[in-house]
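Just below is one structure, and these are the notes that go with it.
The chains carry the letters A, B, C and D, assigned in the order they are written, with residues numbered from 1 in each.
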């Protein structure tokens, strides 16, 4: 375990902001979803890393990561169901086109 | 997992390189299927990180749920909603530059904050065993998580039903 | 179980009955049965109250009962009545009864209409029987909310605007009120004793510091004053009444506006006598303006309902005006004016609704000579008009004279001069009432199509006659009701001085 | 005397019966029922009068009675409205007058209103009016009087507007009600002030201690006059409104739009004298404020002259009679104004006023009923449509002539005696007003005979298309009865029954005054005969010679126009409309402004809640970066 904590954190940082970048620039909803997954993953890493390096005797961070993964799975399932449904309706999954219900 | 420090170093750098490169590629490529593939690599490398942290259970969950479950969903949905080889439309240049600036600014700010923060302890101890994790997940005492566990199970059930309801053909 | 709670329970049962009613006939049966039941109960309460009093019960409020509702804030569901609430309950029961007949043919969604109307009456009854500030406030809100739907769905004209305006303004009033009630609550008891929401206890403790009274009195008075159509917060009234369906106008002008007067009296003045005496002059000016201003405005309106709404502003202004005089006679007059105005304005709105239902216009310029076409309705309208302008033998006269004589007994010249100003309204009232009667009922038939119209049906007759009988009964035999009120007021007035 | 309550209850019962059954009764049945009720009432009133005036005097005074008194509404410890019956000489006298005239009108209407739509309603209103008027005169306290005062106002309103399809009638009824209502406002305020200081409404208490108002309100003044004077002047304002005193007289001429018998009953004999009765009732109180009595005299005198001048040029016979009524009531008012209660002789005016009230009620009712018969025959109110009717309507002619002689003050008809007493009283107080009133008396004789000649002489009608005919028996019978009363009423020893302090007063004629007034009256009659006996163009010439004056008098000196200007132009356009506008635009506008501002602001900021997730991420990122940067900068 010689690798310092900061190294891990830098990785997750890059990953997170890659997700942010993707979320901001892409229109395709699936791509947005992928970006979200990236961000979630980066956060999960952080939880695990902080747990491991700062509070090695406990496991709250890890458990949290596990729950986060489970919930991410659920969220993805719903999101994809919605996206497919939208695709059936408008043959397109660009976020910009979804403005029928806006004020 | 007892590895030589050097080997550990090498593996870490390798994983780090895969994560950084693949996550950037995942959000920049214009072919959506490729993006999913890069995401897969990122997720797998993340699992590798977990293994390196001695969180083997977390790593296996990562692989099983993310790489195995979610990604398959992605791939299916991509195949359902787009044609192979089709490229998504290009987003505008200003938007991309702005996004890039914002992302870099974010990295710099957060990085600065993280690097200047005086981390208190970096003591490294033993990681918990899967048995302990199992007890923690279904125990009802302090630092044990039966209730969230059950809540998540209900959530997942709800999600399954919800997803079916939403996506089914009428 | 205290029998006063039946006033809340019977409407709830009525709602249940309405919910299972399947067709118009059953809905009507349920509505008539239960409203008659309420009327019966109200009359029974009056008799029971009187017999208790004769038996020598001198408690301030009779038939008290209390039930802990929410412990941390010491909120109780407590009920009790004195002569004033009794009168108001009676008024409500009469108007609900008449209102059911006035909305005999309401369409569409008749079941829902009656449901909401009943909910409204629950709020009103609950308000009058409560002696706990919070419960009172809750019932107040219950009475206000259905109004929005009743006007918005079953109304006419620019109903959305009116419903929204009415609800928002009254809600604004409630916001002030909520503040006031909380303020009262936190000063309800002397240092070290448990705080209370019970009105009687607060009044007995008399612990609200004077500087707080200066702050809380205007809040509560204005809060209730908005509902009592006090100038310059009266503008919801013309639009609201104009758009509301018949029974709702009746209930709203007849009863709901009385919540304002009753609340001003029961909460603002009763609990904060010091500020009431010190600040009464400000509100006296405002209500004095209401009285004259409403009457003048009514003179040039052309929509029947607007005329009545402004007339209500004038008459309800008189209620608040008299309350502020803080003496027994004037306050008795105020309560009688509430009763009288409630009955006659309900009668007015019922008749306007019936006329509108036939001619499909409320513009007095487009109608005329209705006396030849629908004599019954026209005669009733004349009677209502005469009651409104204070003809002896009808209720308006008794109430107004009690107010004027009472107000004039005030020792302060300022108050007496203002009384004279308020007196002037009786002339202006005559002007606008006779103007309407002359244009609408007399003269030649304006629109030849109107000749085919029919006179009142039996249910309309019943509705109008019920109200007229009450108006005339009070006008001819005011003694007992005036004694009933003024006996209850004695204790309160003593506390004021 | 408890039975007197039935004098009130019987007409009330009739009103309710006829009013509620309305068209379910046959017209004839309704009419006969109403008349029968009134007959019983009249009998009771006569019986009461008989009992009252035959009882033995106590200290030379007929003791007054309060057979019924019931507390109706209690205000404060001292103030309460009672409903009761108070019998004293003037109220008993009024009972007789009202029931007599009312009965005559009931009978007369059977013929006059025959076949009218709403015949039952008419009788119901007549009963209502009789009840209210009787209640007014027997009132035990001033508030009871006010109650019935309002009720007679309403019955008058309803009866004037009886022909509710006629625009003129509607306007007239509205005008009558509003003008009197305005006057009643003064009455009400007067009552409030009076009762505030004296702590009572009761007439007996008020008159027993008339100076209470002065002592209680000592030192309080308003605009230079004491509060007591204000109170009494305001109460008089109420009386002036009801009795059509200048400048509140404008409603009475228009009130002639009602059916003629109604004009006879309400607007000639009974209701319009309520003001006189009110002042008489409170006379001891008025005596403590001589300045108010002077005001009353002045108002009365001005009204008398004004109305007499206007009456000379009117062409509508009912209008002439209306102005004549105003003028005659003004006589009574003046008589009251010049009286005082110091001793019997100074109180002559009081007695004279009551006497004139009595005789005037009879002969003016007769005149109106006669006019009704004429209108019934020629179907017009205009003099130009009439002339030479004496041949066709002999009974009407004779009775009308008797009434004219009575009002002109020719002995031995009743008007002579009462008017002579008034003139004597006025002359006694002030020569100026005495001469003034004598001139008015001359004018009275002139315009009455102008009316008489224009109707019955002037020209011979061409009877080609329509022959006027004498009225049916139901109408002539009341005429004859009233004519008989008019002939003999002057010989009633009125002063023995009614006087200022109740002591018997023996009427004696002041020969100088009597002679003067007779000479003036005869001259005026001769002038009228010269001008109007035969159709000629003398009146036309005079009219041309004085065209401005004539026009002004014909238009009643433009008082109505002034009123119209004030009410329509000033009150409606300068008060009501601006207030309505202010309400709609300023007050409502402010409320709407709150709503609009809220709406505008929310419309602006709702763009932020766009639903575009990417936009949100931008905002979140920028926001969090800002927060982070600021935090970092702060930590540095």
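Criterion: a contact is a pair of C-beta atoms (placed from the backbone, for glycine too) under 8 Å apart; a residue touches a chain by one contact, two chains touch by 3 or more.
Quick caveat: nothing in here was measured; it's all calculated off a predicted structure.
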Steps needed, at fewest, to go from subunit A to subunit B via touching chains: 1
Pair sharing more residue contacts (C-beta pairs) when A-D is set against B-D: A-D
Gap in Å, rounded to a whole number, between the CA centres of subunit D and subunit A: 94
Between subunit A and subunit C, centroid-to-centroid distance (C-alpha), Å: 60
Geometric centre distance via CA averages, subunit D-subunit B, whole Å: 100
Between subunit D and subunit C, distance of the C-alpha-averaged centres to the nearest whole Å: 37
Interface hub residues of subunit D, defined as touching at least two other chains: 618, 621
Subunit B: positions in contact with at least two other chains: 102, 106, 110
Subunit D residues within the subunit B interface of the complex: 618, 621-622, 625, 628-629, 632
Complex contacts: residues of subunit C adjacent to subunit D: 164-165, 168-169, 232, 234-236, 293, 296-297, 299-301, 328-329, 369, 371-372, 386, 389-393, 397-398, 401-402, 404-406, 408-409, 416, 419-420, 423-424, 426-427, 430-431, 434-435, 438, 441-444, 478-479, 482-483, 486
Subunit B residues touching subunit D - in the complex, by the definition given at the top: 102, 105-106, 109-110, 112-113
Residues of subunit D that touch subunit A when the two form their complex: 606, 610-614, 617-618, 621
Contact set on subunit A toward subunit B in their complex: 1-11, 13-15, 17-22, 24-28, 30-31, 33-35, 37-38, 41, 44-45, 48-49, 52-54, 56-60, 62-63, 65-67, 69-78, 80-85, 87-88, 93-94
